[in-house]
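Order of writing sets the chain letters: A, B, C, D and E. Residues in each chain are counted from 1.
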Amino acid sequence: MMSTHAQSAGPVDAALAGPAVIAARDLRKTFGGGSVVAVEDANFEIRPGEFISLVGPSGCGKSTLLRMVAGLLDRTSGSLTVHDAEVRGPHHSVAMMFQKPTLLDWRTSLENVLLPTEIAGRVTDADRHRAMDLLELAGLRDFAFSFPTQLSGGMQQRVALARLLQTGADILLLDEPFGALDEFTREHLNVELMRIVGEVNATTLFVTHNIAEAIFLADRVFVMTPRPGRIAGIVEVPFERPRPPSIQQGAEFNALVSRVRQTFGDRG
Amino acid sequence: MMSTHAQSAGPVDAALAGPAVIAARDLRKTFGGGSVVAVEDANFEIRPGEFISLVGPSGCGKSTLLRMVAGLLDRTSGSLTVHDAEVRGPHHSVAMMFQKPTLLDWRTSLENVLLPTEIAGRVTDADRHRAMDLLELAGLRDFAFSFPTQLSGGMQQRVALARLLQTGADILLLDEPFGALDEFTREHLNVELMRIVGEVNATTLFVTHNIAEAIFLADRVFVMTPRPGRIAGIVEVPFERPRPPSIQQGAEFNALVSRVRQTFGDRG
Amino acid sequence: QDLTTVNAVMPKQRSANYFPLIVGEALGYFEEEGIEVNLLPSDTPIPFVNFLRNGQADIAMLDSAEVLQAVAAGVDLRVVYEVMQTAPDGIAVSGESDISDVEQLRGETVGLVSDRDRVTMQIALDARGLTEDDVTTVVVGEAGPTLAAAFRDQTVAAIAGSGPDWLAIQANGIPVSLITPEEVSNKPGNTFAVAAGTLEEKGDAIEGYLRAWSKGMYVATFAPDVVAKIAQDAVPEEWEDPEFGQQYLENAIRLNVSVTDTLGGLNADTWESIQPGMQKFGLIEKQVAPSDFLEPGPVEAANDFDRAEVEQEVEAWRDANM
Amino acid sequence: MKDHLLSRAVPLAKHLLVFAALIAFWEAAAAIGLIDVILLPEPHQIAASIWDLYVENRTIYRHFFITLYEALGGFLVGGALGLALAVGSSLNDSFRRYVSPYAILLNVTPGLALTPIVIAWFGFGYSSKIALGAIVCFFPVFVNTLIALTRSDAETLEMFRSMGASERQIFWKLRVPSALPMIFAGFKIAITTALVGAVVAEFSQATAGIGVLMQRLSFSLDMSAAIAALLSMSLLGLILFTLIELLDDRIVFWRRAARMDAVSRKRRARWTGEREKQSGKPQGRRRST
Amino acid sequence: MTDSSDLGPVPPGGRTRGVIARHVAILVTLLAAWEIACRMGWLDPLFFPYPSAILVGFWRLYVTQGNIWPHLGLTMAEVLAGFLAGSALGIALAVCVGLIDRLRRYLKPYVIVLEATPRIAIGPVIIAAFGFGWTSKTAIVMLVCFFAPFVNTLNGMVGVEPEKVSMFRSMGASKLQTFRKLMLPSALPEISAGLRLAMASALGGALVAEFIASNAGLGVLITQYTGTLNMSSAFVCVLTLSALGYFIFRSMEELDRILVFWTDRDRTARVSRRRLASWRARMGDDA
């Protein structure tokens, strides 16, 4: 065990202090003219630099929530603010990564990473170098000029991660980004992700099916239940970030896993 | 903790006693005229009724090994016997399940399950009943007449599992069968798989990315390392099967996870 | 020098079949009239009178059926010239056929060059007391190998069509004989027609066009060798086999050169006599008076040229070019 | 049920509205002289001619069915030819290598240029129209079938192999069914192409058929009736296309949710029916699926 | 509509010298059989002229007379203009329809009706409307070339993964950017297949147009030659068209392999190496 409650900067404190980067009040989303309630009565505030994991069974509304934050979906009612402004559409401070890598087959890894810059304006040599650095970070320097079809699924996801970071957004939304990866690559990327978001102090919303992963990464875990999709409970993770993978073998960690499972069991 | 070393029928004993169902000696497979060594110097013996999990990073040769056992790929050198006969092509005592469900869209679940029987010869009413029972076992009785596109991904995998069992093969090869499922469904299917292979006393080779899953299911875990693909270590799992999922929270289990990880770390 | 363009719509490409046009162009007759011919060869099911009506063409080559049909339908049309007086529609058989009269066709299969030749066949049969029900008809398609093979192999007993249809077949050495009854052959040949308004707006150009055409036609009567030379230069495709070209041209000259003294002369009587048959077989709903659409003025103007002068010019041309 | 009807009726009404607007626009354009009504008559004249051809004189039907017969015949022959060549090419690489250039060559050669040859071989009757239809429509079937047959999912193929399936079993149980959707896409193109071929042949030489009727009406200066005949060709094409779509819907049922439900119910009913029969009559019939 | 018109990858060994020799051998055998069949009277020279006569015809039309050239040029110009205009129109309309969902629903029935109507029957109406000039010929070829690119472009655009569209939206991409950087390249393989299909029918379209009304062009030449029963020359024209069509079709397949490089392993690898090299040239030996 490396970190303890006492040492931690304290997610609990973080949740209380400072302005909210993302805030939802009575947020609600229905589909099909109200027949499917995807998200109901969501109320939460997320502080700057916080890392939130979102877990819950398939179809409980995780993606819907993320897409509302990204401005890709309109809410049905309630309020949702990002940086104190109501969300009305996609905005620069938020970037999203999807479950599938969504790379463009006709662009090299580097060109894929540069896409957000291209869309924002002109690409400078500095941008190119930054993209190269991000690929290096993702362990893909040697594959900067490879096309997606030449990469394995895991490598593609890493390109997508580099592209996410290239946006320069301070709010990162990740929707089951590492679902297709083997455990080792996944763990490696989790550690990297933790390091990077720590470095750039990004606020992160991370959706996953994997409870251990959720806890390992997050300051707080939001547990959702389906039909209607509600945040059934929030589990605080009292470890300081960054954390070593070995933390997952500790008893305290296992207790957290059980608590999350229980929250599921209670409501799901 | 439910089972202990003392109570177990003992995979260690199993590994020592009885004839080998599958045996590899200096097994080697290269691709591209020798430029890629996919499997090198594989030596192992698998006893009747044994459950072997195969873990290792992407591209280390797991699928290649399985496909050689299934007779889908020729080996480059070495010996590979199944039931004491050298493998020369697909044979009836071996059945394989792939990562994707590979169901035929134009057949109902029942008809998909009956495919192996059809290919082997005529379909009798007894076969039909057996297929129905296997679907029942997979919790899909109500979906026997549904078509694959009407089923969720998890249900499709369960149909594929029923089809695997319908073959009547006593050696089952599963290549990351539950990779696409969420943790809860996956756990459920693991428990079912354990129960069924126990009942029919099948010898099983199970490829997975998930270390906990590998340990939870297996009598022995083969850990592979890439380039060239070698079996870097074998970890014995001293629990009696079937096992309850709660076993995964025990300290002994965690110790096994660490051992597997270590084997990786040593060589990977 | 500014030339007036005359748009002329005709059923076929520039060909020895239209040698008066080719000769007129080669010897500068059209230019002398201050006009330039824009040939619009069109093989469409759209009747040419439509192009006259909507102004895309100034003058059209029509067969008599089309003229009568259009006039009967109320189109304000003027027939100004009769080209190919000796090329009316008719019934042809293979030169090796035993059939020498239409009455022998009872129970036989009769080919039609196109669906429009059905009336020709009906009138011909009627003249011998037969009806369409006494024969089997099949459309065999326009000029080309299919039609030629139908003659050669006698896959049909007889074929209803018009002069230009057999031109190439005969020239190719496949014998063809005509068994057209009097009642059918006594009928106007192809004509040049214009919309009534055109005569007022472009009357001079039309007259010039017809005069140049007439001069071209006249050249063939005394200097077929010059015509051959001109045709050969203008449409070499028809002369790849010189024997064929010569034969083809000779047949075309026979079809094109007027039999009346006035070149392109109009004959009201034949226009009168052809109508009852057409009406009987439903091609026209009512009969019309020839005076309503025959316009003899332009024919006179077309013949108003000095034949001796033409002969001299042709001699000069022959000396220069042959 | 009511909801269902309404959900169908509303879009249909919208389509009709759009159609009516187009017709009104055309009528207006003709009225102010934007369109040459001699060559392209006004909608109401065409409507009158349609009435005439279909109801009053009923002249269209004979020609309509002749062309239908020719197009269908051409499609059947050409489709069978395309299927056969594609199956041969899929089974044998060198067959494919030596056949495909000629297939392409035949595809790029205009059908119109081939009519004399086709007539020489098949005569003046319907068979030459069928032959030309077949020649021009075999290619889409050939290409689609060939591609579909050679592109089966690699893992599914291995699954069959691991079960010890013979090449014959793989062909019938995997390749053919998985190729069906694309084969039908080829059929959909081919059926309209076969119609085009038949009409092209009719324009060159024919005694009856819509192509002939259109020429005949046109020569008799009845442009609105000619356009009505032209529209009948479109109608014919639409009917043929829909025919294939219906077949597609039935045969490739697994691509459509509603049809799949129906088949699913039917198979369940057959199973339960058979169970009942069996309980009454102990030694149930053996039947392979 | 077909998803693709190419015949899949050429089987291994598709370009070796031996295969070409065998192709030639087959062709020569076919021609010899034809010649013999003519000489034995099994084939009617009125419909199948002697191959030897056709060969002489090639020499005559291309060299001694040289009269085919202007016609060939004109037909190619019509084909090219009609193909470019028609496919551009098809693609452009598909893009509009692809971007505006509503339009698609209302347009679809009309497009099917248009496709189901034989062009040879519409041809005369077009001549009537546009007159005898090159406009109507181009319009007929356009009509022939319109459909395949339209359908395939639409298919390709509609087939873009919704997740990718969302990704672009989340990056704040404009409609134009989404179109240029996502929709168009995604649909490129299908557009290219549609263009190939269109090209294959463009020649037929030009021929129809010239048969109906024209003073020049290969169609006119063919009419002239068949009308005068000069079948060897007519065959030279038809075979010219076929060979031309074949080579255009094959070249477009080749072009497709270059443009849509990412569907082919080897080509992707090659482009990848090229991009690396150009980065090195630009940014120094950094990668």
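Some notes on this structure:
As a working rule, contacts are C-beta pairs under 8 Å (C-beta built on N, C-alpha and C of every residue); 3 or more make two chains touch, one makes a residue touch a chain.
Which protein is which chain? UniProt says A, B = ABC transporter ATP-binding protein; D = ABC transporter permease; E = ABC transmembrane type-1 domain-containing protein.
Note that the structure is a prediction, hence the values are computed from the model and not measured.
Separation of subunit A from subunit C in touch steps, taking the shortest path, is 2. Subunit C and subunit D have CA centres that are 43 Å apart. Centre-to-centre, using mean CA coordinates, subunit C is 40 Å away from subunit E.
Once the centre of each chain is set as its mean CA position, subunit B and subunit C turn out to be 88 Å apart. Each chain gets a centre from the mean of its Cα atoms; for subunit B and subunit E, those two points are 51 Å apart. Of all residues in subunit D, those that touch two or more other chains are 36, 39, 116, 120, 214, 218. Looking at subunit B, one finds that none of its residues touch two or more other chains. Those residues of subunit E in touch with two or more other chains are numbered 44, 46-47, 124-125, 128, 211, 226.
Chains touching one another, given as pairs, are A-B, A-E, B-D, C-D, C-E, D-E. Only residues 44, 46-47, 60, 65, 67, 123-125, 127-128, 131-132, 211-215, 220-221, 223-231, 233 of subunit E touch subunit C when the two sit together in their complex.
For subunit C in complex with subunit E, the touching residues are 7, 9, 12-15, 39-46, 50-51, 54, 56, 143-145, 148-149, 152, 168-169, 171-172, 235-238, 240-241, 244, 248. Interface of subunit E with subunit A (complex): residues 161, 163-164, 166-173, 177, 181-182, 185, 188, 261-263, 265, 268-269, 271-273, 275-276, 279, 283, 286-287. Residues 11, 14-15, 18, 36, 39-40, 93-94, 96-98, 100-101, 103-105, 107-113, 116-117, 120-121, 140, 143-144, 146-147, 150-151, 182, 185-186, 188-189, 192, 195-196, 199-200, 203, 211, 214, 218, 227, 230, 233-234, 236-238, 240-241 of subunit D touch subunit E in their complex. Against subunit C, in their complex, subunit D makes its touches with residues 36, 38-39, 116, 119-120, 124-125, 204-207, 212, 214-216, 218-221, 223, 226.
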